[in-house]
Amino acid sequence: GALHAQTAEVLHWWTSGSEQAALGEIRTVFEAQGGKWVDTPIAGGGNARAAAVNRMLGGDPATVFQFSIGQQLRELADQGLLADVNAVAEEENWDEKLPPLIVQAAKYDGDYIAAPINIHGENWMFYNKEALEKAGIEVPKSWPEFVDAAKKLEDAGVIPIGLGGQPWQERILFNSVLLGVGGREFYAKLYSTLDDELLASDTMRKVFEAFAALKPFVDEASPGRNWNEATNMVIRGDAAFQFMGDWAKGEIIAAGVEPGTTVGCAFAPAIDTAYIMTVDAFAFSAMDSEEAQAAQEKMAHVMLEPDVQIAFNKKKGSIPALLDVPGDSFDVCAQKAMATLQDKKTHLVSTGLFGVPSAVSGAIDDSISNFWNSADMSPEQGQEEFRQAISYAK
Amino acid sequence: MRFNCLALYGLLGIAALMILAPVFIMVSTSLKPMDEIRDGSIFALPVEPSFDAWREAWSGDCSQTAGGNCGGLSSSFLTSVKIVIPALFLSVGLGAVTGYALAAWKIRGANLMFAALLVGMFIPPQVTLYPLIIMVRELGIFGSIPGLVLVHVIWGVAFTTMMFRNFFKTVPQDLLKAARIDGAGFWPLFWHVMLPLSLPILGVAMILQFTYIWNDFLLGLTFGGRSGQPMTVALNNLVGSQFGEKEYNVDMAATMLTALPTLAVYLLSGRLFVRGIAAGAVKG
Amino acid sequence: MALIPAMTITIVCFYGFIIWTFVISLTRSRLLPVYKFTGFDQYVRLFANERWWTAMQNIAIHGFLFIGGCIVFGYLLAILIDRGIKAEGMFRTVFMLPLSMSFIVTGVIWQWVMNPGLGLQDAVRELGWTTFEFNWIVRQDRAIYTLAIAGIWQQVGLCMALFLAGLRNVDPNIWKASRVDGIPVWRVYLHVITPMMRTVFFTVFILMSAIVMKAYDLVVALTGGGPGFSSDLPAKFVVDHILNRQELGLGAAGAFVLLCTVIAVISPYIHFELRKARDGGGH
Amino acid sequence: MNGVELRGVTKAYAGLTVMKDINLEIEDGAFLVLLGPSGCGKSTILNMIAGLEPVTGGSIHIAGRDVTELEPDERDIAMVFQSYALYPTMSVRRNIGFGLKMRGMPKADIEKRVDDIGELLQITPLLDRKPSQLSGGQQQRVAIGRALVREPSVFLFDEPLSNLDAKLRADMRVELKRLHERLGRTIVYVTHDQIEAMTLATKVVVLDKGSIQQADTPENVYRRPANRFVASFVGAPTMNFIDGKLVQVGDGIAFDGGSGQLPLVDLPGRARELIGCPMTLGARPEHLVFDDFGANARVLLAEPTGPDQYVRLAVAGAEVTARTGPEQHFSSGSDARIMIDGARVSLFDPESGQAVL
Amino acid sequence: MNGVELRGVTKAYAGLTVMKDINLEIEDGAFLVLLGPSGCGKSTILNMIAGLEPVTGGSIHIAGRDVTELEPDERDIAMVFQSYALYPTMSVRRNIGFGLKMRGMPKADIEKRVDDIGELLQITPLLDRKPSQLSGGQQQRVAIGRALVREPSVFLFDEPLSNLDAKLRADMRVELKRLHERLGRTIVYVTHDQIEAMTLATKVVVLDKGSIQQADTPENVYRRPANRFVASFVGAPTMNFIDGKLVQVGDGIAFDGGSGQLPLVDLPGRARELIGCPMTLGARPEHLVFDDFGANARVLLAEPTGPDQYVRLAVAGAEVTARTGPEQHFSSGSDARIMIDGARVSLFDPESGQAVL
């Protein structure tokens, strides 16, 4: 009945220990405020997203579900399957407090269709300090420097790049190179317009050249490797660098290492400072029951409460979505990120948040991965294939 | 002769080793602590074997999971059983009846129907998820165990029908005639005569269907809803997390635990299996 | 009648869904089905997609290797076991053990074993043979073969069981006759027994082709389709596009092409069944 | 009034006619044997009577009732199959009682009936075994028991003894004959074994290629075959046939086979009318008698079988078999003299094969 | 010198002795028939001769050579199986030629040999068919052809005719006999059909429970069975047995069955010594003669079979079968008088079953 606790079934893909712990922070507060939490974890973003959509189609939706912001979510909204949380957003002034790019992404037709609850950075470069010392190198600031450093590392018997050879990880590396070589404006323009001329430009060719130049610095066992195994290589010192999102900190902490000590964090080499943001977000199914609607609003409210944001993000390894939250209790990497984001010019977002259809981002992943893994493809060919893949998928 | 015999056992032994090596890796990894796994070869025996990982996989480790989901596999074991048993009996039962009807009664177009049914064995279930979801929704059983059972029956019936039809085709015509003269109609003939005859094939169909249903992940995930998530989904939650730390020993222990029921079935019924196949699954 | 449930399933679920798939493939549905028709655009896009062609090429390679491997190894094992050995039950059980595992599990284990840094290559090199190479899983031109290895490992037991049952059905007098004729055992298998096992070969072929057509879990767990998309298979292509890429229309087009291929492959079997029934008469 | 009647029955499989216009009346209490080579349609007739195969044309009547459209279990018949067709998974008791159970008879009554049958057929100690634990003869008895228990008015047997070995077959034959005498029910019995047909039948129907060749008492079928097919099919060793013509030799008549003459003693008088016409002579082996006044013959091969001896001879340009006692020794190549009992021979029109005498 | 000899052969399966100390000499060119009930070990002996089963003890000699340790193909034998065991996927031609091909004979020679065999067995038009397209008798011939083509010194046949119907069996029997006469090779032949044994054999070996009961010419086995088992196993209808004793009646001797006496005319003189001892009389049906001076008997059942008539009678407290001609009519329950040909009876010790006369 309506007088009973407002029940929210939460479908999400956070099944690992630290993710569960982080989510637990939200849950505790939600329950403290009188909500009832029903947990439905499904490992793997793809699985969980599919399950969420399928359950909506099947007429048995989850009240609140984790989802990637982007074109897919918009299509769900378009079909009237989502509830908006404008009421909460207005009351709490999300428009002001969240980074503008994120606001833009989370809105469809002027409605908030998702609650973004954190910011992950994708253009991080983790490195093993001992390995760098052993090879006698500094943290490189540009890609040519990186290549020199990598050669020295190789001579010292260290794998320069610990890469998990899965398409999305290869894309993260590519985007770091893209940002580093092309600069933040080029990056933003490219992904927001998918302009054919840009894709065919010289800059793009240079990006591919720089990307291709990294191929020799990866060990042969890379393909198929999970990201956390790569992180472990860096922790052990088998590999010197890993280009990965800041969730890698979770693995580093689990291995008993404080980020910033043995394993350092820096932004990937670039000509200008920028932070490629990606967010975790929750969306809300359109439901008839008033009780469910109340639960959804309560959930949106709890998720963006400043205290919850701090507690949640510290455990998750990300930074708060609200830019005005105090950061002193966070680790050095997070503090660095929070400091950087004070400058709005550094704001960039990950591929999907540009509103690129997932067909296109999928095609992008495919062609990057194909280029990275083929031994005999020239940068020009890679660039051309990349351009074509995008134009077909558009 | 002597040399031949040695070569025979040698070849079989090598084959057995090749089959068993991966299983050995699973077992030994599940008994190792994480440090040993990070540092050692996967072929190395555990230095300090322990069943901690098994315990954790089975009952979960609630200390660090404030998210509220720390049940391990034990909680979904029962769900799996609740799904498998009706799905198994219904899909095999339906296959038996259909196979019987197609093989033992003169039905016009029986062969055409059978051929049409066979096509179903080749359709990847993922491809037709959406219409199936809509259909199950319209029946009002989406997201429940009955819905999931229905879906398993749909995807199992082509296979079981094929097995039973091919077997029943080998039953002598005289037996059917005798039963008709005795006044046994469609159901008595099936129940009293054909079904008892088909025990060996029933065993094979049961074993294979049990394996398929028990090991299914996709259908459980899609149609199980909140309450009907089978053990494989729980297993996936345990091992499939994309952005968390990996505990390979727990993963392997969980994997073994999930495979244990089917493993047991095969260990216990290996002979039955071959005999069952010999009894008719092979004869076209 | 008793056929109604099965026939409903066949007509509604199998054929209804096939038609639905075809209809969707003519639309520009992305995440969810929408019925705005665009003609054969999706097919044009599909056939322009390099990944699709890789997947189609791969299914041919994989089908050939996997089915061939299962048949060859399954038959060989069955022959070895059929030679009247002791401990037959033990070997049989061992060979059927992998059958009890799902393709996901199979994929995960073999990913370890074939990983050059972790598995077999590493282990052999540590034993002293430092030039030993077994890195197929990470090579774009070889990864597709690893699928067959893992698949054969899992399914060879079923094939063995089917063949063994077939061998047991052979009239023992055939063996006596060939011994009296002084025919070497291997030639008896080659010239006499193997041709007699035609229906068993056929059954195995059909069962294994069904597995090839549906191969999804194994690819995902073993190679994820990589490196790049070099070990992709049509089923994975379709599922990726339908469930993860908001390309329902394109996925449906792929699925429909795949289904047509299926029907082309099994129609000989159907034909065989029908003809046999017609000729069969009293048998 | 429990006879069976087939009126103008035809049967076609997929357009191919296998039975043409069969008319047959089987009297109440008769033991009718359908005899014929493989594929002649014996089982088809039986299946049509049983209702297991629909007729294409004509009608079937049992006990005066038109049963053409009835189901097998409504026709008041029981059937025993060559392969016994026992239900392999049921005990003997359940096998016998199954038909009664299907008719909804109370359990206790079934038990009693089954026990009675068990006693009658002397299989009481076997009642709780499975068919696979029985010998061929015992299975046969159970199959008969299953038919008997329902007390139908007509029994149908499809080659019930052909899976048994010679000795058991002889024993079962006697048992069947006694059973028929005791029960007095109508029996239709299919076989391709002439000894069975001869010893069991009150009436034999010889079939070939889907039509009736002769329907008569066993004695007449053996002695007076209606045509050459019947003559050659019934009797082992088979009847001897010689082509030629009848000729007058002195007072008597002889048969001229082209390269020699065979005297035929005691030939019926009307044979005289046939003198000179081309003709096929049919003579059974036991009617070829070694006689010093007979025709010249040469011994080709002698086969002693125990009680008898079959002697193959070349005579009058033909090769024939004679049956004689085992005492006399014949060596291959020796000469002999042979006489044919004219009272017992058959004569056939060489064109149509019909008996003319 | 192509005989076969078994010296003290024993055979055990898993410790269970199934053949005990078999000694058997088969002369060159003999047609030896192994006769016995199912499971008596006929196939086992054949398989041991062929080398398909190892012997447990003793030795086997073929053509004077000890072959006990040789492989089947080194023994210079050929074998024909009950189920024919043709290679189902090969044409008749390849079936016959396959063994030669495996021995590396040139193609042209094989062709010629196969063609010759085809002509010999009259299967030339069938050479390009598959076994499944042949009738039983044709398959049988192909199986024989496959054995013949290798020209071995010894042929082994394991119930080669038992899958054929009666008529075909009779024809094939004659063919086999001719084949043997023409080729003159040693043949060892297994059957459980007495007619086959009688007509084909130059020597019959009757087996029971793994040991030889009698090894003699067919005639002697029929006329002078060594024991009651042989007597009852050979001959159809089976020999009549009556328990009782010999008594002196006037001048002659009669057999007293307890409730009646049977006069035995022409009993050999030495039978007098046995008067008074308990005894089993064995008399074949054809040696029971209807004779007005015979003993009183009552007719139970008459079975006319065509050429003969089997009459079951109650006489001297026993039930017996007599064989007679078909002419006379016997009605059940009527009286008859029966005489036994004393020159032909057997007398057995009731304890041991051994023949005493």
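Chains here go by letter, A, B, C, D and E, matching the order in which they are written, and residues are numbered from 1 within each.
To be clear about the criterion, a residue touches a chain if its C-beta (ideal position, glycine included) is under 8 Å from a C-beta of that chain, and two chains touch if they have at least 3 such contacts.
Please read all numbers here as calculations on a predicted model, not as lab measurements.
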Common touching chains of subunit D and subunit C: B, E
Lowest number of touching-chain links that must be crossed from subunit A to subunit E: 2
Furthest chain, CA centroid comparison against subunit E: A
Winner on C-beta contact pairs when A-C is weighed against B-D: A-C
Rounded Å distance, subunit B centre to subunit C centre (Cα mean): 17
For subunit C paired with subunit E, centre-to-centre distance based on mean C-alpha positions, whole Å: 57
Averaged-CA centre spacing for the pair subunit E and subunit D, given as whole angstrom: 26
Shared interface positions of subunit C, touching two or more other chains: 118, 243
Multi-chain contact sites of subunit A, meaning residues that touch two or more partners: 50, 57
Residues of subunit E engaged with two or more neighbouring chains: none
Chain-chain contacts as defined at top: A-B, A-C, B-C, B-D, C-E, D-E
Contacting residues of subunit A [partner subunit C, same complex]: 46, 49-50, 53, 57, 71-72, 75-76, 79, 165-167, 219-225, 357-359, 362, 366, 369-375, 385, 392
Interfacial residue positions of subunit D with respect to subunit E in the complex: 38, 165-167, 170, 173-174, 177-178, 192-195, 198-199, 218-219, 222, 234-238, 284-286, 301, 303-307, 310, 312, 323, 326
For the subunit B and subunit D complex, residues of the former touching the latter: 172, 174-175, 177-184, 188, 192-193, 196-197, 199
Residue numbers on subunit B that touch subunit C, as the complex places them: 8-9, 11-12, 15-16, 18-23, 25-26, 41-43, 94-95, 97-98, 100-102, 107, 111-132, 135, 153-154, 157-158, 161, 173, 186, 211, 215-218, 232, 236, 239, 251, 255, 258-259, 262-263, 265-267, 270-271, 273-275, 277-278, 281-284
Subunit C residues within the subunit A interface of the complex: 30-32, 45, 48-51, 111, 115-118, 135, 137-138, 140, 143, 222-224, 226-230, 240-241, 243-247, 250
